[in-house]
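Sharing a structure below in structure tokens format, with a few things to ask.
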Amino acid sequence: GVASGAQDREDTLIVSVSDTINQLSDVGVVNPFLLGTYRTGWQFAFEPLFFYNPWWTAKVTGPAWLPGKDGVIPYLATGFRYNADYTEIEIDLRPGVSWSDGKPFTARDVAFTLEMLKASAPQLNFSFDMNLWIKRVDVVSELRARIFLNRPNPRFMMSYLLWRQDVGIPMVPEHIFKGKPATTFTNFDIDKGWPVVTGPWKLVNSTSEQKVWERRDDWWGAKTGFHRLPAPKRVVVLPLYSTDKLTQLLASNKLDATHNIPPANAKTALRKNPDLIVRARDQSKPWGWLDWWTNQLGFNCSRPPFDDPDIRMAINYALDREEIIRVGFDGDSTAALLPLPSYPSLRKFRDLARPTLESKGISTTAHLEKTNQIMESKGYRKDPKGLWAVNGKRFPIVIMCQPGFFESYLPIMVAQLRRAGFDAGYKALSTAGSMVDRGEIDAFMDGNQGAAVSDPYGELETLHGRYSAPAGKVATYPNRWKNPEYDHLVEEMGSLPPEDPRFVSAYEKAIANVVAEAPVIPLVDNYLIMPVSTKYWHGWPDESNPYCAPSLWHRTAGLVINSLEPAPRP
Amino acid sequence: MRELRAYYDTPAGTAKAVDGVTLTVDPGERFGLVGESGSGKSTIAMAAMRLLRPPARIEGGQVWVGDVDMMGASEDEVRRLRLAKVALVAQGSINALNPVARVRAQLLDGARDHGVRFNRREADSFVADLLEQVGLHAEVANSFPHQLSGGMKQRVCIAIAVCLRPEVIIADEPTSALDVVVQRQVMESLRAVQASLGAAVLLIGHDIGLMAQVVHRLGVMYAGRLVEVCGIREACREPLHPYTRLLVGSVPNLTTKEDFGGIPGLPPSLVIDQPGCPFRERCPEAMERCATEAPVLRTVRPGRQVACHLY
Amino acid sequence: MGVLMEVREVSKRFGGGVFGGRHVVGLDGVSFTVDEEHPSITTVVGESGSGKTTFARLMLGVTSPTSGEVLYRGTDIARLSKAQRKRFRRDVQVVFQDPYDVYNPFYKVDHVLKTTVARFGLARSGDASDELIEEALTAIGLRPESTLGRYPHQLSGGQRQRIMVARALLVRPALIVADEPVSMVDASMRASILRTLRRLKTDFGISVVYITHDLTTAYQVGDQMIVLYKGMVAEAGNVDSVVHDPKHPYTQLLLRSVPLPDPDAGWSGDTKPTRPRRAPGGESCAFVDRCGFAMDVCVERMPPLYRTEPHRTAACFRYEGAPVMARGELRDVLTARAEAEGG
Amino acid sequence: MSVAYILRRIGQFLIVVWVASTVNFFLPRLGPGDPVRNRLLNAQVTGGVQSEGVSEIVQAYNRQFGLDKPLVEQYLIYLWNLVHFDFGFSIASYPTRASTLIFAAIPWTLGLLLVATLVAFFIGTLLGSLAAWPRSPQWVRHLSVPVMGLSAVPYYLIGLALIYLLAVLVPVFPSSGGYSLGATPSFTLGFAVDVLSHSFMPAAAIVASSVGFWALSMRGMMITTVGEEFVNLADAKGLKANRVFVRYALRNALLPQVTHLALSIGHIVSGSIIVEVVFGYPGVGVLLFNAITGEDYFVIYGVVFIVVLAIALSTLIVDLLYPLLDPRIAYGRT
Amino acid sequence: MARSAIAPVEMWPRQIIRATVHFVRYCRRNPALAVGLVILLFLAGLGLVGRLIVNVDDSAPASVTPNLAPSLTHPFGTDGQGRDLFAALVIGLPLTLQVGFVAGAIGLGVGAVVGFVSGYVGGVLDAIVRVAVDSLLTVPALLILVTIASSIKGFISVNVIALVIASLAWMGPARTIRAQVLTLRGRGYVDIARFSGVGTVGVICRELLPNLLGYLASSFVAAVSTAVLASVGLSALGLGPQNVPTVEMMLYWAIFYGALASGAWWWWVFPGGLVLLLFLGLYFVTSGLDEVANPRRRLGT
């Protein structure tokens, strides 16, 4: 028939979230562990054991209807416990949960999911990690599972089973997956009612143009009184479009929510459509939601001249983060001096690094005199074009990045570096990732990969010297920085929970090393500006209660969707 | 044809390709027009059909076909006159047929556009008759032009020209590209058709030998003007104008080897307007008068007109 | 001996190719000799498509024969050494049939003349070269001042043909192969050019192969004549005897069809093609379907060349009594003639 | 027509397809080429899915896709697969097969570009022939000048201008996409209208920018044809102007145009990348773009193979068909 | 004509004047060429003169206040990255032309050599060239660009783009020039030249080449415009010369920053207008040169 979305628009939630532009590319795949799975709106149909809210405060942890504590929001599970040496975890499941085909959700499903991953390592997502950590999973009872780890890991739950942002292992039904070839099973067959999920949604249409989920009124949550049925009768997931198009669609209320858009577009959209709101009610900046993905300039620290910490520092001093934010982000970001996002949960660790930052004179603006001093002490002189050269030879800084996002401010950064006398330029190329990984690239833009939200360990671990490899050889993390003292400190941190005072002191020393040697140069926090439309739906996350994470492509989208209220109808 | 003038606008100036030509062709008569290459013969033919395209333009004069003046008639009238009253067998007829249409279609469309209605059978016999008239087999109708030899194509062109029984047929060098045998066949076809129609024929060429075999009267052109008009016999035996004389004299024959004459010098430019007789520079009998005064075509003897101060 | 060029039983087929397919016979087993010491003018006549141009191109080495060989001073022209080739170019010159194609439209017509002079080192200085060129142009009835400095498209077909003749003259070769050099020239001019050709032979000892379909001029300038029909020699021999006493029915037809500038000397005889009597698939006389004298044997077999007189030959069964020539002997008929005349 | 000629021509076709496929096999392999890793890195950057074991996963999948075999062996397998029209899995959308993706995208591309190309061809050809026809009205000739000028404008620009005018300033047409958000593809009038309204702007951009090209080449051909003797002679036959125009001039001038049309239809898929990306159209062009940027070898191979086939086939068809269109051309002559 | 090699010095101005007068007169007959040349000269002039009236340093990002509408200080406005658009275009226009000319020249040059050799020599070589050209025509430009851009160490510069475009641009000319050479090769004047003692190289250079000069000239202009078009296309896909403000990169940035939707019309109208003008100029020159290329229309004296 005619556009079904348009037909009953008022009952429909339309979102544009995907990794691929203009087309959804995983239309026949709803197995969350396959290589070809993208973030294309399936995650809200699966439900987590727990959510984790990095914005938690003493006042709020999640949406009002869902109690939580210290950021942890129990969902399919009600609680978990580590044993004393962090080698066992016991998880209690919520009673009354059932799959969309009516079968109950039990600890067997949890055990099956984790064991299946372990068994099919390394091809499935998370499978390598599960194989690495898990010894076995016991079904203690219908509603209790116990995970035995190979080695102590105080972060296991946070790393894998607490859903936050993009992280988190979904549970799959044993009775569907069992006996299927784990690495090719697509879990997609609309006629059979696949995917079988616990969430309140049924997939009715999946093409490269859209996925349509219809509300499942027999959802366990409504039956058990866990929560009312979600307000939208239908969720339409569209591919990602060019920001221009997203802007237009938002401006015309064709979309309720999208992927994040650049500040300038957000400005346009907000100007054109009074129904749109951003994070803060008064539209004060930043408009965006803080993401864990701190942007940083990275170096291949094994190649001259970038193996010289002084040179890296000279570059660091040349960067004016405030100007980058002002021009590149239209003021909508915050400067980052550490490879840690500015989540409240990490404030303690950020403060611990402040003395080192101050002693090094690193701030959010440029310090060209420091740059000049370092460069001159290294024997560099400015050539007639005003670029540093030694014996007439310049050294080029080719900053490699993936096309798209970084390009919005990279030219400004490049301009700053050139003003400071560096022969800088950038190269946005889709193959950047693998080239960087093989160490062929000197400098590159990236977001940090440690996914730190409550604990700096993951992030610092990526700089460990064991990931260093000679150029040409693939390395898991690209910085190839070697600092034995640092490595030792990080190893020590790994075995300790973040509350431990020994952890804190090891961290303090480790971060001082990072600041002083600048294997990466953090630049700005990442903010996700996501205007949403109140034309049809109210109850969006806002400044005062971000629920968990407001982005609809994140694992946490279900919380947002389940919390939406229909707009009052005239 | 009265005082016909046709000029070409060229970057170097205006070329007076046809400069005041007057001639009459009677019904049933075959009139030949000869002259050096570039003397304006084809231009006359095209002008008479009112087919000249820029850069050519008709500067003045009339062309009467029966009692209609082609120059004065409306565009549509002229269109209807063409083929029905005046038909043209053009120079380079080899290229005159539409390469992508069969002969049959090309024979029929002219008739159709002049209001003739056929059913299939009538059309077939119409085509077959025409082809037979020019000595071709009826199967030729189904051929494409490139499948025919030059002579056959020429004959198809003649067939097209006579299909509506015109009063006047203008044939512009219909055979100059053919060898003698084919040439002869084509000419005989033309002659036969003309005789059966009683039409007037204006045959253009530069081969006096061929003219001698075909036409009744001959006009000789030089530099855009007629210099002599007379019966063919007189032209061959006793040419009056010095140019005609030299022209006829330089035709080789097959009986005796001789030192042929030829005409020294080059034809004059048509662009530069010179006073006097255009032939004077090459004329063995040029007089002072020739340099200043252009001779006009005058009747010097019954049935003979010459443009030369000698007479 | 001094045989300049010898054409030995050359045949040329077009089309066909590796995978077979229908082919067109351009020329079929023609032999011919040009003697260096006894210059002669050989005319080749025949209807359009009879292989005249093909013959010329084969002689010049522009096309290579399908079978047979073309020898220049005893060497196959496909295998000339560099030096020999250079000499060949000097010795054998050409006037191509199509005067619209032989000019490089980029250059003024001077180019082709100057190149010739320069490449063959015909003149010592620029002035000498100019003089030479002007002389050659005047010789064929062109006014140098109104010819030089013009682009080819500014000249008439006749003028272009004549410049090509002039070019060939410049080189003063031993042989000029002229393929319809005057077809676009009107009668008066044609006469003067042919006169020049004839003078070439007598004054400079240049042999000429004159290709035309105009029998009258062929008669006027030629010493001997080859009549081609569908790629084969129909008749050959002394010009006067061929013209005045044609043996082959085709030659007779040709001669009858020549329009004479005399209204009373009308065309005679019948030209209507008779119905084809060609035996299906069989080898028959090429002319059988147009021949008034066709006999049964003409349909059954192909006639060989009969040597009707010492210097005459015709391929027609009407002369079955005369000795049959081996196909290669054709050159003897013509050479003998040249020797007889020269010696 | 000779069988030998057809065979030879088909042989040539096969050689071109083989050589082109070979080039297109090796070309993506000259780059850094680590598609699985690239895919995982993307997932990691955007999803933080993996923290450990990337290399192990990459190895496992490389084995799965046969990417760990020697290049020559991969090449032979590739050829074998091509013969069977099997392009293998899409690396980026594993375990979706490349062919699934391609065949889903092709109808969109064909629909848009084929129609746009044909429309441009008809309008352009007509305009070009009228512009060269001495008797066409003055305004036609005046009109044709700006249209031909338009051919100089990249359709990217025209596209931008159209988007700005018709989607931003006066939003009458959707700015991009194949059909309305949330619409369900079906064979109904409403959906057809929806699809048409979405294809209007990209089609308009293509038509606007290519109409001039057709007009220009047609005008050139037409001028030559009008100068031909047989057109003059058609006038001498007193034919009606329409007949002379259509049967004599147009019919002859059209032949090279038709050849060109066939060739440009062959190039449709390869030429569609930019239009589709600019207009966000869900066709093969976008698919190829994503595959190239994502180093999805098997999708690249699939799409490019189809491009190769289309182009080589269109030239083959032109060669085989042309003699039928133009009676003058005999097979094997040129 | 006087055969003296060099005219006396004092004659030069007069000769230049005469040549100019000739040229102007010629342009009157060939208005398309004149219009095209005027447009191209204007664009080239903008690049040169612009440098005098604007501070070209403002073309770098973050040099001026971003997102300003056109005003007296910033005649073309400023973009969202803080470039003065006028300055950027003054810098970028010559670069855009550079892409076009370098790629056009290389593409046509290679194409011409291949075309000439393949067409004139023929045989096996020709067959190989034909298959190669036909095959390479199917390769998507994007694939080549990504391959080349990943293989080179430095930035994607104007010259890299030009090289990529050239690597795809030679096949078309090779094809058409080969076809031209094939027809020319059979021309009578080639035979005549041979009979005048001219060798192979001489025939190619002195007989064939001059005839194709006009064609080559108009092909060159066409190649330039195709190259710019390709560069516009690559830039639209985000793969342009990323560190310099070529006109087509300005367009890319305009799209990237949503200038269409946000109403920053100056951001795309000025670069768009310049690209348009450039294409029109090239178009007119091409059609003008087509007239020149046709020797029948070329007028002597």
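Here the chain labels run A, B, C, D and E in written order, and each chain numbers its own residues starting at 1.
As a convention for this text, contacts are C-beta pairs under 8 Å (C-beta built on N, C-alpha and C of every residue); 3 or more make two chains touch, one makes a residue touch a chain.
Which protein is which chain? UniProt says B, C = Peptide/nickel transport system ATP-binding protein; D, E = Peptide/nickel transport system permease protein.
Predicted, not measured: the structure shown is a model, and the values here were computed from it.
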item: Fewest touching-chain hops separating chain A from chain C; value: 2
item: Chain B and chain A - chains in contact with each; value: D
item: Chain with minimal offset from the mean of all protein Cα atoms; value: D
item: Euclidean distance of C-alpha centroids - chain B vs chain C, Å; value: 31
item: Distance between the centres, which are taken as Cα means, of chain E and chain B, whole angstrom; value: 52
item: Separation of chain A from chain E, taking each centre as the mean of its C-alpha atoms, in whole Å; value: 46
item: Separation of mean Cα positions, chain E and chain D [Å, integer]; value: 24
item: Shared interface positions of chain E, touching two or more other chains; value: 146, 150, 255, 260-261
item: Of all residues in chain A, those that touch chain E in their complex; value: 242-244, 247-248, 251, 261-262, 264-265, 267-269, 323, 327-328, 330, 396, 398, 403-404, 407-408, 411-412, 414-416, 418-419, 425-431, 435
item: Touching residues on chain D, where the partner in the complex is chain E; value: 12, 15-16, 19-20, 22-24, 27-28, 30-32, 149, 151-154, 156-157, 160-161, 163-164, 168, 270, 273-274, 277-278, 288-289, 292-293, 300, 304, 307-308, 311-312, 315
item: For the chain C and chain B complex, residues of the former touching the latter; value: 46-48, 141-143, 146, 156-158, 184-192, 194-195, 213-217, 219-220, 243, 253-255, 257-267, 271-272
item: Contact footprint of chain C on chain E as seen in their complex; value: 3, 187-189, 191-198, 206-207, 210-211, 213, 295-296, 300
item: Complex interface listing, chain A residues touching chain D; value: 1-6, 12, 14, 19-23, 25-29, 34-36, 38-39, 121-123, 125-126, 128-129, 132, 159, 165-167, 183-184, 186, 205, 207-210, 212, 236, 238, 241-242, 244-245, 248-249, 252, 254-255, 292-293, 402-403, 430-431, 433-435, 437-438, 440, 446-447, 449, 451, 458, 474, 476
